[in-house]
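One chain, chain A, appears in both complexes that follow, with chain B as partner in the first and chain C in the second.
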Partner chain A sequence: MEIKVVRKVLDANNTMAAQNRKLFAEKKVFVLNMMSSPGSGKTATLERTLSLLMPEVKTAVIVGDICTSNDADRLAKSGAPVIQINTGDLSGGDCHLAAHIIADAASNLDLGNLDLLIVENVGNLVCPAEFDIGENARTVVLSVTEGEDKPLKYPLMFRVCDTAIVNKIDLLPYLDYDIHAAVSNILQVHPQMPIFQLSAKTGHGFDAWLNWLKRQLLI
Partner chain B sequence: MEIKVVRKVLDANNTMAAQNRKLFAEKKVFVLNMMSSPGSGKTATLERTLSLLMPEVKTAVIVGDICTSNDADRLAKSGAPVIQINTGDLSGGDCHLAAHIIADAASNLDLGNLDLLIVENVGNLVCPAEFDIGENARTVVLSVTEGEDKPLKYPLMFRVCDTAIVNKIDLLPYLDYDIHAAVSNILQVHPQMPIFQLSAKTGHGFDAWLNWLKRQLLI
Partner chain C sequence: MHEMGIAMQVAEIVRSSIPPDMTDARVERINLRVGRLAAIVPSSLRFCFEVIAKDTPFSDAVLNIEEVPVVAKCNDCQHEWTIEGPAFSCTACKSGSIVIMSGRELEIASIEIAD
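Entry: the complex of A and B
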């Protein structure tokens, strides 16, 4: 019975995701779903990404968190429209963003005046990978402090994503971290996935990441 | 309908958790549930914990991962019995350990010959907090690379845990991290929770952590 209901929930989500995707295509908005563990640096990566894209690329952000508006407060400084979603804290809070949540949030954005919509998902390397939100592409952010084996331990996330960011490379001198092993593990799960090694703190590696992102735009 | 089924699943889990708790009490085994984001250093913390406890404290470990036996391989070097659970990768893998999984795993351990059973849960700061597995105490591990605001953003995890470990403090000199803010945020969510600041890499801070752990034992 549980499995049936889970399937029904996922089917309903997929229907809504398809509607989102159609709307975004009509409005020529490219939608990126960013996912990662808590604390991998999604928000810091977005802060720098927005500062380098705006105002040339008209960008908005939808941020999902169980609680707080910390991330939205940080991102709003860029001047981009930012919508914070709190998934609530009644029984722990939803562990992912679903398509109907994105539809609600997007209805508050002037889509006709946007090139790019970035969704910063709830920090969780498991559940968000299972929910299509109507995005055009997915990026997983992995911090070098998380260890090299995460792609092998959480393979679905790395399979469903189109690109991977390996963040916090400024910390490499202070860690016993084999970045070649990390890259090799990502490619083992998802052969030929573009991987961007960067530091949201120093800005190292952002050129390649932004070039990729700009090439995806529908304008 | 979804909510009803979720409640039913949680009720069934609670019944099984109560059975686990009764069995562990009869066998005088103290059971600790360790939870955290992926990559916070649960396994490294356990490696050092086992090396300092064993053989004085007879300890076993149940490790939950979606895929791989990497963590069990690392922990087995301590000589402790280690059982690896893989929650599977069919639709992403289960995002938490449930009580019936722990019952199955524990049936493969010689409980009468154990003082301490540590469960290393699936790396996820959201969902495992919702599932009682029949443990006696819960510890959340937070790495200093994850940012100071995680207790506020994932409050249920910090509310349901009895202690918190702030790990990787050896990296503090290389981070813009305000450990006082992190501690204050933990205490805001869970007043008076014992917090152990430690480095699984250098061993700093392990005395206080091990003293706490030994005081919990039922022997």
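Entry: the complex of A and C
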């Protein structure tokens, strides 16, 4: 006997994400989900972003890692409230942040006193793309020390994100990296995607990125 | 990489889909639809599900995975086509303004219970 089910496997997560989205809208907090592979410079990008946004834009960060509070310690220096999520223990753990984890973390933040909440997801270009956390926008960070073909290898991530950051452009003179090929690969997967080429180390290129971010807060 | 979590969700949905009056139900087959863009490796999902399903009414169930192609539609010229590689512009008019119609599915279509 066949019983029709027709249910999305991620229903539970999607329901929780919708609740988060409603809560964030009520509190007028814009939520950005930042994703990338490990080592692309998400935390460094955030450090500089926070230093340029705070205190004008009241920002908090939820940062996900399998292990350690290293990233939270770095980001807390900006004065922004930072919540570190450890998804596992030494042997490894969850490869992404799920909506219920964000709900728990957000309950420890004074949302009424925030304009922007940035979620630094676990470094991984596969799994986080599949999990809605109730965010308003998604940004994928890649860096010029990775392959130009990353967007072609991980198309889902580049499809689900609204913007892309290409980081570490200060290193371009020392590398064989073809940034035009990288940009063209991003646009092949996600035509018309806004791309910000910047260096978290020097600050070059941050104006366009911050202008985009600030525009989102006004919408 | 998150197939164990997915397998647990599948098990939860299957468990709740067995009619409560069927006390000795044995689930023979679980029909899943997985989009080709979904971040799931079918062989990993099967392996994880076997572990999760041990000592349950669906311990012997076959996980039947139907792969759903990635179909896109152009917002400008309404052309519909199946995307095979990582290129997401309209194959007819080159427009980048497209919608993904299918290919992100991760859903349980039905379960089959032994008569």
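Assume the second predicted complex is superposed on the first by the 206 of 219 C-alpha atoms of A that agree within 3 Å, B and C clash if a C-alpha of one lies under 4 Å from a C-alpha of the other, contacts with A are read in each partner's own complex, and residues count from 1 in each chain.
Here is the rule we go by: a contact is a pair of C-beta atoms (placed from the backbone, for glycine too) under 8 Å apart; a residue touches a chain by one contact, two chains touch by 3 or more.
None of the values given here were measured: they were computed from a predicted structure.
Residue contacts after overlaying the shared chain place A:R138 against neither chain B nor chain C. Once the two complexes are overlaid on the shared chain, A:K27 sits clear of chain B and of chain C alike. Look at A:L187: by the touch rule set out above, it reaches chain C but stays clear of chain B.
When the two structures are aligned on the shared chain, A:K150 is found in touch with chain B, with no touch to chain C. In the superposition on chain A, A:V9 contacts both chain B and chain C.
In the superposed model, A:G39 lies in contact with chain B only, and not with chain C. In the overlay built on the shared chain, the residue A:V126 is in contact with chain B and with chain C.
Applying the stated contact rule after C-alpha superposition, one finds that A:R48 touches neither chain B nor chain C. On chain A, the surface touched by chain B in one complex and the surface touched by chain C in the other have residues 1-2, 5, 9, 95, 124, 126-127, 129-130, 152-153, 155-156 in common.
Within the complex formed with chain A, the residues of chain B that make contact are 1-2, 5, 8-9, 37-39, 65-68, 70, 89, 91-93, 95, 122-127, 129-130, 143, 145-147, 149-150, 152-157, 168, 171, 174-176, 201.
Chain A makes touch with chain C in their complex at residues 1-12, 94-96, 98, 124, 126-127, 129-130, 151-153, 155-156, 159, 187-192. Within the complex formed with chain A, the chain C residues making contact are 1-2, 5-6, 9-10, 12-14, 17-19, 32, 37-40, 86-89, 95-98, 100, 104, 106-113, 115.
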